[in-house]
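Okay, structure first, notes after.
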Amino acid sequence: MLLAHLPILIVVLPLVAAPLVVLVRHGGVGWAVALGVSAASTAMSVAVLAEVPGTGVLSYAIGSWEPPWGIEYRIDAGNALVALLVSAVATIVLPAAKRTVLLEVGADREYLFYALFLLCLCGLLGIALTGDAFNVFVFLEISSLATYALIALGRDRRALTAAYQYLLLGTIGATLYVIGVGLLYLVTGTLNFADMAQRLPAVVDRRPVIAGLAFITVGMGLKAAIFPLHAWLPNAYAHAPSAVSAFLAATATKVSLYVMMRVYYSVIGAPTAFGAEPTGAILMALSIAALLVGSGAAIVQRDLRLMLAFSSVGQIGYITLGISLASAAGMTAAMAHLINHGLTKGALFLLVAGVALRLGGTRFEQIAGLGRTMPITSFAIVIGGLSLIGVPGTAGFASKWALVVAAIGAGLWWVAAIVLASSLLALAYVWKFVEAAYLSAPPAGAPARGEAPADVTVPALVLTAAVVAFGLHATPVLEASSRAASAFLRGWP
Amino acid sequence: MNRDIILRVVSKLLIPIALIFALYVQFHGELGPGGGFQAGVIIAAAMVLHALIFGLAAARALVPEWLVETMVALGVLVYAGVGVAGLLLGGNFLDYFVLARDPAYGQMRGIFWVEVGVAISVSGVMLKIFYVFAGRGRALDDKP
Amino acid sequence: MTGGAGAALALAIPFLAVPGIWLARRRPNVREAVTFLAAVSLCGLVMSLAPAVLCGERPAIDLFEMLPGLSVALKVEPLGWLFAAVASSLWVVSTFYSAGYLRGNDEGHQTRFFACFALSLGAAVGVAFAGNLLTLFLFYELLTLVTWPLVTHHGTEEAKRGGRVYLGLLVGTSVLFLLPAIVATWVIAGTLEFAADGILAGKLDASSAAVLLALFMFGIGKAALMPFHRWLPAAMVAPTPVSALLHAVAVVKAGAFCVIKVVVGVFGIETLAGLGGAAWLTAVAGFTLIAASVVALRADNLKRRLAYSTVSQLAYVTMAASLLTPLAVMGAALHLVAHAFGKITLFFAAGSIYTAAHKTAVSELDGIGRVMPWTMGAFAIGALSMIGLPPAAGFLSKWFILSGAMSAADWLAVAVLAVSTLLNAGYYLPIVFRAFFVAPGTPSAGVREAPLAMVASQVVTAGACVALFAFPGPVIGFARAVAGG
Amino acid sequence: MTTLGHLGYWATVALLMTGLYIVIARGHLVKKLVGLGLFQSSVYLLYIVPGKLVGGTSPIVDQGARVYSNPLPHVLILTAIVVGVATLAVGLALAVRIREAYGTVEEDEILAADDHDG
């Protein structure tokens, strides 16, 4: 009985927990509740993911209203994987959050932080699991509003402007998305993704469909920070509280990318989106620009956090590049990189949180000699950096491998060449860190050799270990991604 | 402003009426235009009027911050509780049909409680927003 | 113990040594003992695999699945065994030498040095025993990364710049050319497992074979084919034992090994010969050979001269492989061994000179052979091996390469070999001549022979050069097995 | 369908572009939020207008009524309005706190202050 309700319980649990935390008004309790809920969501996501290969699609009718009239939660191998990523990263980030939140946000607002965190989690999971176009918008706004507030809780006043910037662009993105959905709704009369997919082929007048596709692409592109719509991301990630950076960098843009995949493949259908319309070409051009510009901008940053944030812009390009190839291999690469980059960036931002905690900042002159002052953290950052480059033995290699195989399989040698050339840009910015950490002397007044507290370092190292483990043994991720890809390509008829 | 006798008297007359009207909108919501959202806003409006006339301190004494926060949380919990009740009674989440033996009556019962939750939350949120801005602005303007 | 497990253990030993080295970081003697123990046991283990490999056994083991359908797999083949044997036996010698050098010059970060050295050896063994291209690539990249701290050992601005060139060129070529070549092989052949007659046989036309071969050859930056050779001289900023590691033990040997492995195990000699896709490679390798020799001729810095000599010697291997005859491939395999022993002797000698006399330029070496006879004696033998004169191992390998070139009737290659031998003599013999027969310009008071550990190591490697010439039987047996005969 | 028949859409587009223009062109943070509000209200119009049928009544079962307007867009847009209110509230709260932190709500002055911080 419980299994049948898992799709909704994953979302409802954080939704119920958030107001409870507000009622209790206690930071420690809030933290414990958030951790428990995240862990439970992870367990439930695993159960759902294990369930879907057998059943194909799990459908859950809210309020027992049969779809397409009621809101339907519809889970296949694709979104179950996204939900697992979101909840798992939340579970790993939260132990590290305890100390950093207390320090950066303060004890009086600590419980609010965890309530907002739970709302954000609820929103992201809701986006992943719902099968209703408008419901996506609602959850998008729940997660976004919580995110704006979370970012604004950051350490200095620049967090406020970053949050404001994100609020403007995020709202525009969500509104454009809902306009696109509205256009599709006007021609199909339904908001249920699966039902929409069924009715769209019969729509004679294609113009609203194409306009809807364009609106949704730009809207979700804003939320996913696809170049050149990425302006909000670097500052938001760099100035948010450390735990928020780690959580958002690993999950927020990924969920929006998932919505794009869903709309392209399951709703509009690849033949229309990539065959009749030039979505693929546009997305590919933007992805390649993102690879080069994002990684290029990362090289010139003077702050480690900003460098990682710009690197995210580039790495998102790999995911959208995989989407734009419109093939099973390309989608496998996109899903694999979605997971692998999530893990890598989560690990890196947590590690950097530890650095900020001990050194009071992450500017390059502050972190000089990090290899001596914080050897373990520094080494783990190098490993994460290697994964960003795509060195074999790290998770980043597996997804880059899949992407190059997909590009060469499609005969796009030049795309493969650009993907690989952009890895060299990643090499440049990662090595900027390596040289600062290992070939420079620590600045005067640097603290003695030692690591950040274990509750921050250990979760980061767990993620780093996952990066290596999924690099040496990438089969589970790639096979799950391949199942997800075929679920996307099969669509929701 | 709080020395102005006319405003004080009129507001004392208006606020109870506004509250009763809110309740009307609330409970009439299933049959005619209305519902928890509108009712919640009207309740909050009444309180805002009170704060405008009698001052923020008086309003805060009447409806303290902790109560407002509690209302926000409580409303969401009532709403989610209805959904979970549906689950516990053997239906799906937010399944009203199982809330009573007669499905039609179950529908009414479900909507009623959901609307109660909405009203509590909305009025709480509206008051919270008002408090935040009113409090902030004052502190800022007091500075030379 | 089955052979496969032996290969896995051989791979594990250097990695297992690292924690030991780190734990003993406060006690240098224990630390070096750990390294030595690991080196000896690795060497012994590799040697113990020899009879089985010579008998035609190919011990193999699948470690774990890395990508779907692609495992990290080990397989001991004759060529890989040769490389592993060279690397592990030179590790034993260079441990002594490094200890002497680092202590003699009061270098810092000695623990990091020995740890990275052990990691490099682990990566080299991984390359040597790789059962497929993916495993090869994994350890190839690992080798680049773990040698970077060694190259930038001094941490100066110059070291930083050298490290950038080193890393940029090696990772750049491997990512831009080698990786797409591997992926293309995977897409075309559906497998990356090395096979005796190549895995691309019958799946390529001539032009795509040429393109793919170019990607592989330029992608293997460690083989230092021009124009991607700049990393070798750039890496000269490193301490001399590191140069020895790069030039003789692990890095360039890994490059040469990969070249032969790709030509033989991926394309297949006969397939490639049938497609005629390697003629350009002979030309490029020949050009590299001559050009590097000319640069070496003009270099006054001893280590720089040695570096360009390496570029040229590596081109021998590439050219030999590109001739696509069994004899030449045999020569390539032999040259891998001969060059390793010869070049490590030369670098050891250069390091000894630096340690004892703090001299780095060829023009400063007048008469140094009189105060450092052992060092310069070893140097002379190494130089003979480089030129390809008896009684040193280099003679054997050049003999086979030349025979291969003749049997392929590739007269260009024959001419290149002849000219390059003259050039080799032109830049090595003057050094030996200066050292022994020119009177020192300024009396270098107080210069004595280098520390015992260093002298002993270079005498051993020089002796090995001669021994390989005198008793070539076992090595030739392996080389013949490489060529499939 | 005439141009006039598409009046609702014209209004939608006009609101959309006006709002977007204000968000981009104005430096005042509160004015930007006003623009954002206009921008969002275009969506309300987009959904509501097609829901109305000429001659249709409100969707409450009543004798004599044959044609009902579609109620679903109203429900959706009620949600969207709530979202809009919440966004506006958060945006204004941020603007207030930016004013407290920077002493200004003009974007270029804030950027200048940030540059000064490094």
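Think of it as A, B, C and D in the order they're written, each chain with its own count starting at 1.
Heads up, the rule we're going with is that a contact is a pair of C-beta atoms (placed from the backbone, for glycine too) under 8 Å apart; a residue touches a chain by one contact, two chains touch by 3 or more.
Everything numeric here is computed off the predicted structure, so don't read it as measured data.
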When the contacting C-beta pairs are counted for B-D and for A-C, which pair yields the higher total?
A-C
Chain with the smallest distance from its CA centroid to the overall CA centroid?
A
Approximately how many whole Å separate the CA-defined centres of subunit B and subunit D?
24
Using mean CA coordinates as chain centres, what's the gap between subunit C and subunit D in Å?
68
Report the inter-centroid distance (CA atoms only) between subunit A and subunit C in whole Å.
44
Per the centroid of Cα atoms for each chain, what is the distance between subunit A and subunit D, given in Å?
27
Can you pull out the residues of subunit D that are in contact with at least two other chains?
86, 97
Throw together a list of every chain pair that touches.
A-B, A-C, A-D, B-D
Seen from subunit B, its contact residues with subunit D in the complex are 37, 125, 129, 132-133, 136-137, 140
Which positions of subunit D touch subunit B when the two form their complex?
78, 82, 86, 89, 92-93, 96-97, 99-100
Spell out the residues on subunit D that touch subunit A in their complex, using ranges where they run on.
16, 20, 23, 29, 32, 36, 39-40, 42-43, 46-47, 50, 76, 79-80, 83, 86-87, 90-91, 94-95, 97-98, 101-102, 110, 114, 117
Partner subunit C, residues of subunit A touching it in the complex:
386, 389-393, 398, 401-402, 404-405, 408-409, 413, 416-417, 420-421, 423-424, 427, 431, 435, 438-439, 472-475, 478-479, 482
Subunit B contact footprint on subunit A (complex, rising order):
5, 8-9, 12, 15-16, 18-20, 22-23, 25, 60-64
